[in-house]
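Read through the structure below, which is laid out as structure tokens, and then see the notes.
Order of writing sets the chain letters: A, B and C. Residues in each chain are counted from 1.
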Amino acid sequence: MGNCQDICKTFWCRPKNTNVRISLPAVCFVWQIVMIILFGVFVRYNPEADAHWPEFMQKHNITSNIENDFYYRYPSFQDVHVMIFVGFGFLMTFLKRYSFGGVGFNFLIAAFGVQWALLMQGWFHSLDPTDGTIKIGVESLINADFCVAGCLIAFGACLGKVSPVQLMVMTLFGITLYSVEEYIILNILNARDAGGSMVIHIFGAYYGLTISWILYRPNLHQSHRLQGSHYHTDVFAMIGTLFLWMYWPSFNSAIAYHGDGQHRAAINTYLSLTASVLTTFAVSSLSAKRGKLDMVHIQNATLAGGVAMGTAAEFMITPYGALIVGFCCGIISTFGYVVLTPFMEKYLKIQDTCGIHNLHAMPGLLGGVVGAITAAAASTSIYGQQGLLNTFGFVGELSNRSPGTQGGYQAAGICVALAFGIVGGILVGCILRLPIWADPADDNCFDDEVYWELPEDEESIPPILEYNNHMITKNPETCM
Amino acid sequence: MGNCQDICKTFWCRPKNTNVRISLPAVCFVWQIVMIILFGVFVRYNPEADAHWPEFMQKHNITSNIENDFYYRYPSFQDVHVMIFVGFGFLMTFLKRYSFGGVGFNFLIAAFGVQWALLMQGWFHSLDPTDGTIKIGVESLINADFCVAGCLIAFGACLGKVSPVQLMVMTLFGITLYSVEEYIILNILNARDAGGSMVIHIFGAYYGLTISWILYRPNLHQSHRLQGSHYHTDVFAMIGTLFLWMYWPSFNSAIAYHGDGQHRAAINTYLSLTASVLTTFAVSSLSAKRGKLDMVHIQNATLAGGVAMGTAAEFMITPYGALIVGFCCGIISTFGYVVLTPFMEKYLKIQDTCGIHNLHAMPGLLGGVVGAITAAAASTSIYGQQGLLNTFGFVGELSNRSPGTQGGYQAAGICVALAFGIVGGILVGCILRLPIWADPADDNCFDDEVYWELPEDEESIPPILEYNNHMITKNPETCM
Amino acid sequence: MGNCQDICKTFWCRPKNTNVRISLPAVCFVWQIVMIILFGVFVRYNPEADAHWPEFMQKHNITSNIENDFYYRYPSFQDVHVMIFVGFGFLMTFLKRYSFGGVGFNFLIAAFGVQWALLMQGWFHSLDPTDGTIKIGVESLINADFCVAGCLIAFGACLGKVSPVQLMVMTLFGITLYSVEEYIILNILNARDAGGSMVIHIFGAYYGLTISWILYRPNLHQSHRLQGSHYHTDVFAMIGTLFLWMYWPSFNSAIAYHGDGQHRAAINTYLSLTASVLTTFAVSSLSAKRGKLDMVHIQNATLAGGVAMGTAAEFMITPYGALIVGFCCGIISTFGYVVLTPFMEKYLKIQDTCGIHNLHAMPGLLGGVVGAITAAAASTSIYGQQGLLNTFGFVGELSNRSPGTQGGYQAAGICVALAFGIVGGILVGCILRLPIWADPADDNCFDDEVYWELPEDEESIPPILEYNNHMITKNPETCM
């Protein structure tokens, strides 16, 4: 018994404090109050959501309410909204004992994130110079959801290993970095990225991976018993996968140009996604004994086609071009799960719970490159005079930019996203290493027990300690 | 053995008849046939759904099919539809052994309710004076879904304690009362209530709570073993929560004024909901040992922000006003779950299975008050001339009503909704106490076994009898 | 031990090869590459999705982007998309040990199917004569989803008994047959079938049933232990049911005529579905001891009202007509589950895992007949001059066709769909009997173990061998 207690002191029952009773409510209350104050100072409805809209219509010769942007974008907005909350949320329920944390923390940080994103993006993009306020409308809500998507991707790398307070901090900084990066890529470089291959996926993935690298846990194997899935949690995760997969065409087309832009973006994304499903099944089957399929691949790599079409979806990439992109992505992403994830954990010390490197980083990079090439290959004969202007925004001081130059700027966007992700991740990672955040111990990772009241009759899965080649099952009563 | 049988006779195996083989089919068939007859007599397509639409367009100078109300409202209708069937349905799957009943009975009564609602609301709102028929279109379908929402809220208070036949009766009367109450509030008082804080939530909640009070079961603790959740049923319930949460902006904006009205209602609701998520997490963490979060709070109180914006969503409440409302609601609602629900069960004899008092009654009241204040504060400078007319319907004989007066009528609407809920609940509760409805015994509540064929290999959770301070596990073979 | 091994050799461990490591990847890769090549040769964007759209607008006097078909049809498309992937997918998760296969293989074959459908339907319907290419837009995507629906219905009859490679083959031929059949019914006969009672449901159901009949497994009872559901998988299946049920109005209205056509189709389907819910609950309760409801009925027969409105939804069938159709369908379909499915398995040697005969075949036939009658009863007074032309397409060389004649052609459509389903099913069934497809053994049916890596800690349900009236539990270690 004494021996056990010694072990416990050293390895197990070390006084890792996971009590968030003060810190979590404090962060939530303070930040929400700050949001209210900032919204009070800065945020107003844009003309299409303001009660003065009838006068606005008259002034701008708008003849029908149906021309309100609400009717162009609201259905897409709701699809994106479902992706953020149900898609990402349920995708992260796959762990057998972290389903509450997956879907619950996703809910918390997304709900906080959109508020902060409305402000940050508003300051950069829609500050009204006449009165210094931010004017929001349905397009702002979509952009806020996009911004949050970047942070949820980063969450995927850290799933199960951080406290909710850490997640809130990660989101606060993530949204901030995202908004600056987005401003540089979209407004300064005038790169196009309607579905965010660069802005969302590259940034989010490298932000998360870098944080995970800095928070490396050498003894994470102590939670090994909880790292797998349960038959039913795998089915729950498929809810997330399918809603992401089905609505991705809406994601990539949500803020594309009205008319043909949205139409084409949806078609391209749809095609790319179908191709990545087939290659994912193929590679998954190829890489296992007796050709058995792996649910992790199906849940994730099938989505790679959507990630990789983020930049080029609104371009004239042609239907077969979209299929080729999806084809490649499904292969790359599934191979990532088979080969790269274990490699990265072992040799690079990057523990990537959801495999975001395979689903977001690599397909995002591919998507950025595809976008640059497609942009560089654009021409008036393919797009038409007006189509070229609409698609690439060659107006005003950009009216002399050639498609080739545009391709270069697109490529520059990739680098900016990468740089923000990695540098931002190092910065935030170091902040999150401070010993004040109530993160779980190595043997408590992936366990809802730590932050959630669990249903009483659930038998908890007993933790197992490896010590001197003995397997010692922890007895919570004798230990401590 | 003899002793056991005596116990059984007294407490357990009392001849409570839960056989619904005659009553349920009879009710379903008879009511459906009545519906068909009434629809045959009364219900026709409105001009926008009738094949004479091309002539109607010509007559009214409508130049494009896109002006058909279908394209304004159908996406919102589908979101509301998802809330009714998946949202409410899955929210009620949280009980470990009543998931079938939660989602299944919700399905049954909603499908019946919409038919009866189309008729009731039609008689009050869209009776064509020229031929005495009801003309239905997509807006009628949305209103029918709204009407059913009131009854599903009431269902939440009674979940697990009533038979499907009782639910059908409750729905029949609930829809009837709702339609009258709605007519008084919206048409006679001309109160505005686009998302139904008063009409739907206050009415539905007090209707359900009063019924639950009249059907009070002093020995409900005999089903205590079944009153909790299972790890996976809590995740199922999150499906309901999230679809309600995401689509609530569509709910509150579905029948708002075309253009800016719908646009603004969606934005306000979205913001209010995000704030209530943060305060729910905060209070939930504050109120538990070690700051552990409670799934019941997350599943329910996060939605309070949508309930409370039901009236004011289409008003110019400003974005920060919406955040403040959500902020308060999340706190009130979560405290309700922590403090009020146990208090009400113990001292007021109200057993509220889903805690609808916290999610619908209190936030609904707050929403009604917020709506009254916001309406009273309206002015031409804030809304514009036309905007004020559109938003509050100050036309015809109301053209002289001032915003201040409107505020008073809004407040009167709260009282009407309350009165209908309580008086209607007493009436219907008394009907439901008649011993003919095949409701379950106290020790059989929250158990799908009673009304559903369960999968064979499911080991049933053995019921436990408290008797003379002994815990006696029922043996189904020796008993009876 | 020796005895056991003998038994094994004979009955159990017979060398049924279920290894798909070569065949599945090969099929996926080859077919995807063929798709890319064919898309490269044939598929282009239609004018509404092409960057030349601004010029197209000018040429055709289109004044607003909102007139792009994208805004008419995209919300409906997304609803249909959800039905295909989440609706069908989760409906098929009900088996206790085949949830991965249900939702996973559905995903695979639907993703392949839509690609092949875009090509096949394109060749028949939207081949541009000027350059020999297929022009795709959002309506093409909806049609591709419809086409796939037919194959997924057929999958329902074979669920759990075929290999993924067989499913791919079944889909390839199914899509091909569907496209020809659809061309004959819609273009040659000019029958109307917006929601596909004939084209989708009759064809798909008889295609699947015939295949299942040819692949009859006399010893399927050896997998009896896996043929039931689990409490939680039944709840998963309700996700599928509800999304199918809610979005069916979008399905039947997705490609109906703009304006009143879409509007009316949605209303009719909605009403029909509500009626079939009530009669399903009634008959389910009537047919069981103590009136207990059966989840299989609720999951399936409630949808029959949507199937049966597939043809007549866009006609002026009147609201009460829609209710009557739903009323009848719910009864027929539920009786089918109670009576016909066991009868068909025992006497007709058709093993129909999901009961598609009850959900798709019978209601589809009813829907075809209802459609023919409603069409024959059409008149100018009911539809208006223009309405009649729009609804039935009486233009060009059909301008002299009378509604009565149209009714006859509708009835002819039923026969064509039936013939294609049965003859095609025989053909494809024979191909699938070849012993090269890695299908599971009779005692391995309905088991994810065969084609999926399962979570480690899942205790597998031990198979039971019936031999000489002894029940011998297989011990995987001693056996082989």
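Throughout what follows, a contact is a pair of C-beta atoms (placed from the backbone, for glycine too) under 8 Å apart; a residue touches a chain by one contact, two chains touch by 3 or more.
Note that the structure is predicted; figures quoted are calculated from it, not measured.
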Numbering shared by both copies at the chain C-chain B contact, with half separating same from different: different
For chain A placed onto chain C, the superposition rotation in degrees, Cα atoms, nearest 5: 120
Centre-of-Cα separation between chain C and chain B, whole angstrom: 33
Of all residues in chain C, the ones touching two or more other chains: 66, 71, 75, 232, 239
Residue numbers on chain B that touch chain C, as the complex places them: 18-25, 28-29, 31-33, 35-37, 39-40, 43-45, 48-55, 57, 64-66, 68-71, 74-75, 78, 81-82, 85-86, 89-90, 93, 99-100, 103-104, 107-108, 111-112, 114-115, 136-138, 141, 164, 232-233, 236, 239, 451-458
Chain A contact footprint on chain B (complex, rising order): 66-67, 71-72, 75-76, 79, 96, 228-232, 234-235, 238-239, 242-243, 245-247, 249-250, 258-260, 262-264, 266-267, 270-271, 273-275, 277-279, 281-283, 285-286, 288-295, 298, 302, 316, 318-320, 323-324, 327, 382-388, 390-391
